[in-house]
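Shared between the two complexes below is chain A, which pairs with chain B and chain C, respectively.
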Partner chain A sequence: MEDFKSLINYISNPTILVTAVIIIFPFVFPPTNWFYKINKRLNIDKLWTGKGLLLMTFVTVAFFIFGLTDYNFRSIVLKPDNVPISGLILLLIFFTWLSMSQAYKNDQLVDQGESVDEYYEAPNDKVLVWPDLVYVELISLILFSAFMLIWSIGLPAPLEQPANPAESPNPAKAPWYFLGLQEMLVYFDPWYAGVVLPTFIIIGLMAIPYIDRDPNGSGYYSYKDRKLSMSLYLFGWLILWNVLIVIGTFLRGPNWGFFGPFEYWDSHRLEALTNINLSELIFVKWLEIGLPQSILLREAPGLLIMFILVAVLPVLLAKTALKKYYNDLGASRYSIFIVLTIFGALLPVKMYLRWLFNLKYLISIPEYFFNF
Partner chain B sequence: MPKAKDKKTVTITPSSPPPAALNKAESGEEVSRRSFFSWLSIGWVAFIAATGGYFTMMLRFFFPNVLFEPVQTFRAGFPDDYTKGQVDLRWKEKFGVWMIRNDEGLYALSTVCTHLGCTPNWQPTAKKFKCPCHGSGFRMTGIHFEGPAPRPLERFKITLADDGEIIVDKNQKYQQEKGQWTDPEAFLKV
Partner chain C sequence: MSDKKSLLDKFSVGQVWTSIFRGGGVPKSRRQRMMVVLNSVFLHLHPVRLPKHAVKLKFTWCMGGLSFFIFLILTISGILLMFYYRPTIEYAYTDMIDLSEQVPFGIMREIHRWGAHAMVITVWLHMFRVFMTGSYKPPREFNWAIGVILLILTLLLSFTGYLLPWDQLAIWAIAVGSNMAGATPLLGAEGPGSALLAIGDINFITKVSDARFGLIGGRFLGEATLLRFYVLHCIGLPFIIMIFMAVHFWRIRKDGGISTPV
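Coming up: the complex of A and B.
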């Protein structure tokens, strides 16, 4: 039992956890034909059947029940703040399953030449708002209010001492829906992780219908006809958002350090994480000539990397791997798509650079509040 | 092309005739063009007045009657009150200042993390300030070395009064990345 707990603690290390999740992801949500075939061959698509849902729910619930026997896990999970998050994990599984099972079922129906589940024929009969709709709404309203009332009485929100600017709680956690953002803030300057990235997320979500105008498989759940779109979106939603929330809730402890789910939250744990900037790594550690005086020269490596990422890589991809998409989308839609994708992909890349090489910033110009 | 898509064309045939409630005959009274416009202008004037009123109240909110302006300058005792090599927490709660004495003298560090403004905790065993919000770490000097903090903690102006007492002035701050820590008032030689 203890071995199992220490194994879980060990693989909860973000480097291992996120790597595992990223490797498994394309097989579960295949972005290309190659992955799709493997997905079918390994029967991973069986996850989206009734049995698959039972299995996923059972594993999750079993893990939580087992975890509740552990003091450290229990004190995290049973904190009134965190109870809804555990429930949301189950809801997330259910709704992902719902859409994926619909999509795979529709793919099958289309293959057999039948009409999809959402196929709709305008009915001739009429349904009245009152009482048919309002009645259902009223019942939902009453049930939901009762549920919220009982919940709030049973699990009261923790009231702490009055706010004191001189004393931040340790760890100071954002509300659960912002924990993904808080996790991003660990790797970036506030203006980027707190302002630019959220703006990109919102703009990116708004841009989806303009970028992806492929009529195939639109209007009903489907996977086969829009593998890349589905996979990219789910990567952003499940990994870059939900996994970060789970990390922030269950794996972040005192001093915002990483703790396994069964590890004791020791606020005095010694951790030596001397982070360095790319400029220091190159000029001080490798070239051993000291930081150049000129800011531009000092940050040249980082600026060069950013230039390659924003200006060279999109062009290269348009001529090679993504040629098909470039031709389909046209220059302007392709540029928006690729820039958003690159900045999305930069998030996990930056996280890995921090975990593996203690790299702090690619570009660091604190003189002008610009760090990236 | 999948067969399903062809079937998706939907035709909606209206099942009932369009509502006739707006018919002149049924509503009974007639609104003339002229009176419609005068009602419309009254409506708009009322709307603008109400919005303007709320906007004025909102503006008023930005000029409060009482401003909370804590004292920025304080007397921090005598240099001998501070032990060498230790971070003194006595002014943290009240003024947001850590007083630190090293072999050469004293300096006053701001307790505001340069990343997003939380208050780091002094960890005597690890000899570092550690922020509980995003894990930034600072050495005793205030230099950042772990986590996302982009620059060192700020120092405040520190001088001696005529009677030999220390005066910390938080109006004047010194930032290392701008090369201001070499300023004679950023550090009190003892």
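Coming up: the complex of A and C.
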């Protein structure tokens, strides 16, 4: 049993967890035809059947029940403000299944030359709002109210010690829905993780309908005809947003160190601070000539990388792999799409640079509070 | 068919009932049922008739409706809480204690807090559903953008409310969040480029004039922060979110109702 717990502690380390998730993800939510074929061949789409739901729910619930027998697991998961996140995990599994199962079913119907489940013939297939919709609404409201009452009676709202600005808790955590962003603070400075990145997320979300203009798949669940947009969105939503929230809530302890779900939150655990900047890596460790005096020269490698990422790579991709998208979208839509996607992809890339090379910043100009 | 009429049938053709619900009678015919929706200020947010998949939970998940419903629950429980809560450092925490210890079977604070968490989740899931059904596609692209604004406002409402209990959980969560504002590019004292906004030696962006200062009303979390967050939480943000909700709901109808296969 202890071995199993240490195994779980080990594999829930972000280096392993995130790697596993990134490798598995495209096979479960295929972005291209190639992945889609493998998804079908390996029968991964069986996840979206009734049995798949049972399996996923059973594994999750069994893990939670098993975990609750452990003191360390219990003390984190049962914190009142963390309870909604356990609920969120189950809801995400259910609703991802619900949408994907309908999407695959509709894809199959389309393949067979039939119309999708949501197809209707106006005006014959219309129903009246009174009573057909209002009673569904009424029942939902009553059930939800009952659920809220039970939740509120059963779980008191948290109230800790009175506020004391002189005594900071360790770890100090933002509200749970911002913990994905707080997790990004490990890899980026506050100006990026806390201000620019959220702005990118907002702009990116709003830009979705202006970039994905394919009229296919509007108004019904489907996957096959919109693989890339589905896969990108689900990666952002399920992995970059929700998995990071789960890591930030359950697996980040004192000093924002990583702790496995069955690990004691030891605030005295030492973490070596060995992170170095790209400039130090190149000029000090590799070239062994010391940091140049000029800021521009010192940060030239990082600036060059950013220039390549933002200015060269999009052009290269437009001429090669993404030519079709460039032609479809036009220059301005394509630029917004590709720059936002690159900055999105930079999140996991920066994580790996940290894990592999202890890289702190690509560009570090503390003179102007500019570190990236 | 018997001629026997139920009490409801009799009452529903009387003067009182018909003065409130135009048309009279329990709506039984198709025409009456349509008139119910048309004659009600609340129900006429809805169209009269819907495609059949629009009433199926497996299609809609009811998450948009639930989000609005939770907003109403939060408004009502929030108003009740405002009777007992004073947004000052002296009283805020003790009022919390009073709410939990002096009110027999008092769950208003629980309803409000768990409702807030639930609303964040339902708004997320609503967005998830809208994406999965491709409902953001033309002609609904602008309403999707309004939806993104509503999502942000929901998070801001929850964030401002998080401070009000004035306990350790509250101030340190807000401290983490509001420190970010100090790092805003150009406008935060510790943000990149803040030194650019200056005339000669005079910096415009300092610790007492930057974005963080504006957010928390001082250099440190204190009385001004509490009042600021309280006003935003109870008046400012609800006012803004209601305007956007009105546009959101109106646009659903104007953009052709719930999305359907072409």
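One rule holds for everything that comes next: the second predicted complex is superposed on the first by the 342 of 372 C-alpha atoms of A that agree within 3 Å, B and C clash if a C-alpha of one lies under 4 Å from a C-alpha of the other, contacts with A are read in each partner's own complex, and residues count from 1 in each chain.
The criterion applied here is as follows: a residue touches a chain if its C-beta (ideal position, glycine included) is under 8 Å from a C-beta of that chain, and two chains touch if they have at least 3 such contacts.
Keep in mind the model is a prediction, meaning the values are calculated, not measured.
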* Pick one for A:N255: touches chain B only (first), chain C only (second), both, or neither. => first
* **Partner chain(s) touched by A:K126 [first = chain B, second = chain C, both, neither]** => both
* **Which of chain B and chain C A:N275 touches, first, second, both or neither** => first
* Touched partner set for A:W286, first chain B, second chain C, both or neither -> neither
* Taking the superposition as given, does A:A166 touch the first partner, chain B, the second, chain C, both, or neither? -> first
* Asked: Is A:Y71 contacted by the first partner chain B, the second partner chain C, both or neither?
  -> neither
* Between chain B (first) and chain C (second), which, if any, makes contact with A:E137: first, second, both or neither? -> second
* Identify the partner contact of A:G219: answer first if only chain B is touched, second if only chain C is, both if each is, neither if none is. => both
* To do: Look at the residues of chain A and decide whether chain B or chain C touches more of them.
  => C
* Please work out whether A:Q182 is in contact with chain B alone, chain C alone, both, or neither, and reply first, second, both or neither. => both
* Which residues would you name on chain A as touching chain B in one complex and chain C in the other? -> 115-116, 119-120, 122, 126, 164-165, 167-169, 172, 182, 189-190, 194, 215-217, 219-220, 369
* Structure fact -> Note: in the complex, chain A contacts chain B through residues 106, 109-110, 113-116, 119-122, 124, 126, 164-172, 182, 185-190, 194, 215-217, 219-220, 225, 254-257, 268, 270-271, 273-275, 360-361, 364, 366-367, 369, 371
* Structure fact -> Within their complex, chain B touches chain A through residues 2-5, 7-8, 10-13, 15-16, 92-94, 96, 111, 115-116, 118-121, 123, 125-126, 130-135, 137, 145-148, 150-151, 177-178
* Asked: For chain C, which residues are in contact with chain A within the complex?
  -> 27, 30, 33-34, 36-37, 43, 46-55, 57-59, 61-62, 65-66, 69-70, 73, 89, 93, 96-97, 100, 107, 109-115, 117-118, 120-121, 125, 128-129, 131-138, 140-141, 144-145, 148, 151-152, 155, 158-159, 162, 165-173, 175-177, 179-185, 188, 190-195, 220-222, 258-262
* **Touch list for chain A against partner chain C, complex** => 81, 84, 87-88, 91, 95, 98-99, 102-103, 115-120, 122-123, 125-134, 136-137, 140-141, 144-145, 148-149, 151-153, 155-165, 167-169, 172-178, 182, 189-191, 193-196, 202, 205-206, 208-210, 212-222, 226, 230, 233, 237, 365, 368-370
